[in-house]
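These are the structures, in structure tokens.
Paired with chain B in one complex and with chain C in the other, chain A is shared by the two complexes that follow.
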Partner chain A sequence: MNLTTQSAASQPIKVESVGFGWPLIGCAGRWLPSGASTGFTLKCFRRVPRVKVNVSSTMSGRVLVGVKRVIDYAVKIRVKPDNSGVVTDGVKHSMNPFCEIAVEEAVKLKEKKFIKEVVAVSCGPQQSQETIRTALAMGADRGIHVEVTGKEYENIGPLQISKIMAALAKKEDAQLVILGKQAIDDDCNQTGQMTAALLDWPQGTFASELTLEGDKIKVVREIDGGLETIKINMPAVVTADLRLNTPRYATLPNIMKAKKKKIANMKPADLGVDLTSRRRGRYRGRRSARREEGTVY
Partner chain B sequence: QSTLVVAEHNNDKLTPITLNAITAASQLGGEVSCLVAGTDCAKVVAEISAVQGVKKILVAQHDSYKGSLPEELTPLILAVQKQFSFTHICAGSSAFGKNLLPRVAAKLDVAPVSDIIEIKSPDTFVRTIYAGNALSTVKCNEAVKVLTVRGTAFEPAATEGGSASSEDVAASSPAGVSEWLEQCLTKSDRPELTSAKVVVSGGRGLKSGDNFKLLFDLADKMNAAVGASRAAVDAGYCPNDMQVGQTGKMVAPELYIAVGISGAIQHLAGMKDSKTIVAINKDPEAPIFQVADYGLVADLFKAVPEMTEALNK
Partner chain C sequence: MANPLKGEVFKLYKNLLYLGREYPKGAAYFRERLKSAFMKNKDVTDPEQIQKLVARGDFVIKELEALYFLRKYRAIKKRYYDPEK
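The block that comes next holds the complex of A and B.
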């Protein structure tokens, strides 16, 4: 992803590489050892002044990222015998892969100094905090856990989640909300669009490239048969598609650091969100294999 | 009871998935209306007026509808809904429908139902979850049911014999918060992936993008579309819009030929509803053989040219 912005002399500057949060312009990788004796301490050879970003002064420079805890993509799922849902007890859970891409994108924007703070949000039971920790280890600054448990958690859907996201976006004065385009459990693909609607913000869904341009954002979108480019005003909601980036692995030092970061805890009622859901689901398993015979050797 | 189908088009032609959505709308019972919003859509209106099952076409034309931006179309749909009080609003589950309808639903304060594959009753729908590994039957008690329809699960409506009347509706005032800049579609003379009768797909087994030519040659002989697995797309062999799978396109052709695809769950989710599945892979243990009706354990670099050659005769 290339980020292009205007410098003071309104000369477009391409941020080529970012190391330890310092943008290096035209000298990617020019880090010199400070002393031959250690060789470990690295100092920046030439520090370039911060890239000036035309984020209007009223904007917070805060990005809200939604992270969902789902059954790990590699687990073969089983439907409960009474068809009331999917077996989740004792099953490995992870962060939804599209949410990882959303976190990565937000952290990248921060590293490039386009934004100041990344806040990771998850709605769900106690275990959702693990998912938030993963986001913190990837580089998010702090977390918000909106606790929803039991029957309520079983019944909530994207509409309720988007109400929570919209309320938080307002409360936190976020300038951008980045979500995954869909979760790999319910495959709904709705939350981003609905959050945008509730906030009356524009939406850049299925994004494969983001470029911040002043108080607007250019989004290249994955559509049927190709790509489409749109430009939307900020604040906005963006949903991440697969090609947006490759999420980083959390390193051990960063996992340790993440343990010290703060996770605020709240209830949907604290945000004035009503969780009443008017949809009910029954579930059925599906044969994954159709035929066993007929292979020709 | 009445249903509004939001038509997807490019001002010149109707997108085929709209016809599948019209079939689903007809199954719901009640009157089916179609909303056509665009910059200059007389041609599309003429096309829909011949489609069977459509009673009325609502036409809204304005420059702000360029690029079908959801920020512009949502106020229009809300205004139309206010005027006609439809019980159902639906569209095809394409990038267009998936982008637009949840926004409309949130504004109506109703939970939408995405990507339905079956209609049990006007308020009960079946959809797939966990990449098609389980089915969820959803009862939707919302005042207005907002649905997107999986194209491959419903037959397209007949494009002849219909006699829909058309009526102009007032265009909504432009929201002006978003701007459509450009579109680059992959050009191809082959049939479109999701509507093709035959699909030939390649995976990482092809080893390079250049080797996809083998599949293109075979596909051209069979008038087939060419798809790819996510592994092939991630490896950069071919563009993302060729991807078949959970996160790509859902296909259900008469014949699906998987070449050099091992059969990850994510790929199977996108193609296991195909009528006949043929798999060519040199690894006899590849999971693709579990869903295949016909499996060929062979080197694809030998087998595929032989197949193309055989079709030449």
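The block that comes next holds the complex of A and C.
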């Protein structure tokens, strides 16, 4: 069965040295010929930096992660004949890739025991629950679905979402809010910043590295022409850039397990959030615009 | 047919079928190949041999996951990070 045309096997082999001086080959060890006897166990081996597990007692240890349901990245976008938007009916949707990175980072923090709980939040129609399920399959503990439908959903923008996120962060007593830096459908890149502003929390945007140090977070940010390292106090808002991590695949068994996890359903009104949009005019698509070019309009 | 490994083989097939839904050449293409690969070994009864084949299937799963991840990563990188190329 020759299904594997491309693979990750071309990645450079990481050689790490451990305490007793053996150079060990990192990751799966599948570059070794099968049956090769090495004298010591070669397993999935990745060194986790030894850090003091330190969930501060005053902190809730809860992380809120925003996930957005967008048209799948591989789908060819079609603009509606009247230029009023893009065709979304019967089109494959999936989780925004940057949100996947955000979920992965939260789950990683939980695996390193820096935090206790990962809560995935999505705003949108009924189908948004599928996106939350994907986040749960990736390792989030529970979900919150804020139901926004019909006309309201059409007019919803980053400001409305950030109001919801801010209200939820307060309600859930979150220690950290991790969001994707932008969505691949509207490319707004505003939700994280606005959420931080509404909460009056520090923000670490475009994170390409995240380290928790007690009550502080060290964020390495991707900025034009380089990297910037900042240290911010918790609670904070962090938005994930592409190089933050490599999201895991939500496998079938994990999706099945995720069906048992709870998703709370609420309305924006329950959070005291008003969704009125002050935006004037409508989104106008251009039929000639091609998403491949990364067109921003 | 009371092979104790039957469940494991079933699980593998289901997992691969699920993964194949996103295969670049289409789910139908993948399913055809997958089925023929499984049918080719339908007469294998030796547990050790079956275990080896299941391990091979698990390897294919890993490769597919890597393939999907790289495909997505490259697409996003191309769209947002190096516009000149």
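To be clear about the criterion, the second predicted complex is superposed on the first by the 224 of 297 C-alpha atoms of A that agree within 3 Å, B and C clash if a C-alpha of one lies under 4 Å from a C-alpha of the other, contacts with A are read in each partner's own complex, and residues count from 1 in each chain.
Convention: a residue touches a chain if its C-beta (ideal position, glycine included) is under 8 Å from a C-beta of that chain, and two chains touch if they have at least 3 such contacts.
Nothing here was measured: the structure is a model prediction, and the numbers come from that model.
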Worksheet item: Now for A:I184: first (chain B), second (chain C), both, or neither, which partner does it touch?
Response: both
Worksheet item: So, A:L252: does it touch chain B (first), chain C (second), both, or neither?
Response: second
Item to complete: For A:R279, select first, second, both or neither according to whether it touches chain B, chain C, the two together, or no partner.
Response: first
Worksheet item: After superposition on the shared chain, which partner residues are touched by A:T205: those of chain B (first), chain C (second), both, or neither?
Response: first
Practice prompt. Mind working out whether A:M266 is in touch with chain B, chain C, both or neither, as first, second, both or neither?
Written response: neither
Discussion item. For A:L242, using the defined touch cut-off, is the partner it touches chain B, chain C, both, or neither? Pick first, second, both or neither.
Written reply: both
Discussion item. One more residue to check, A:M194. First (chain B), second (chain C), both or neither?
Written reply: first
Practice prompt. Tell me which of chain B and chain C touches more residues of chain A.
Written response: B
Worksheet item: Residue overlap on chain A between the chain B contact set and the chain C contact set?
Response: 73, 184, 242, 291-292, 294
Item to complete: Under the touch definition given earlier, write down the residues of chain B that touch chain A in their complex.
Response: 67, 69-71, 74, 94-96, 98-107, 109-115, 127-142, 177-186, 192, 194, 230, 239-241, 246-247, 249, 265-266, 268, 272, 277, 284, 289-297
Worksheet, complete the sentence: Listed in rising order, the residues of chain C that touch chain A in the complex are 11, 14-15, 18-19, 23, 30, 33-34, 37, 59-73, 75-77, 79-81, 83
Discussion item. For the complex, give me every residue of chain A touching chain C.
Written reply: 1, 3-9, 28, 30, 73-74, 97, 184, 242, 246-247, 249, 251-253, 291-294
Discussion item. Considering only the defined contacts, which chain A positions touch chain B in the complex?
Written reply: 71, 73, 76-77, 79, 86, 157-159, 162, 182, 184-191, 193-198, 201-203, 205-206, 208, 218, 221-233, 242-243, 277-286, 288-292, 294-297
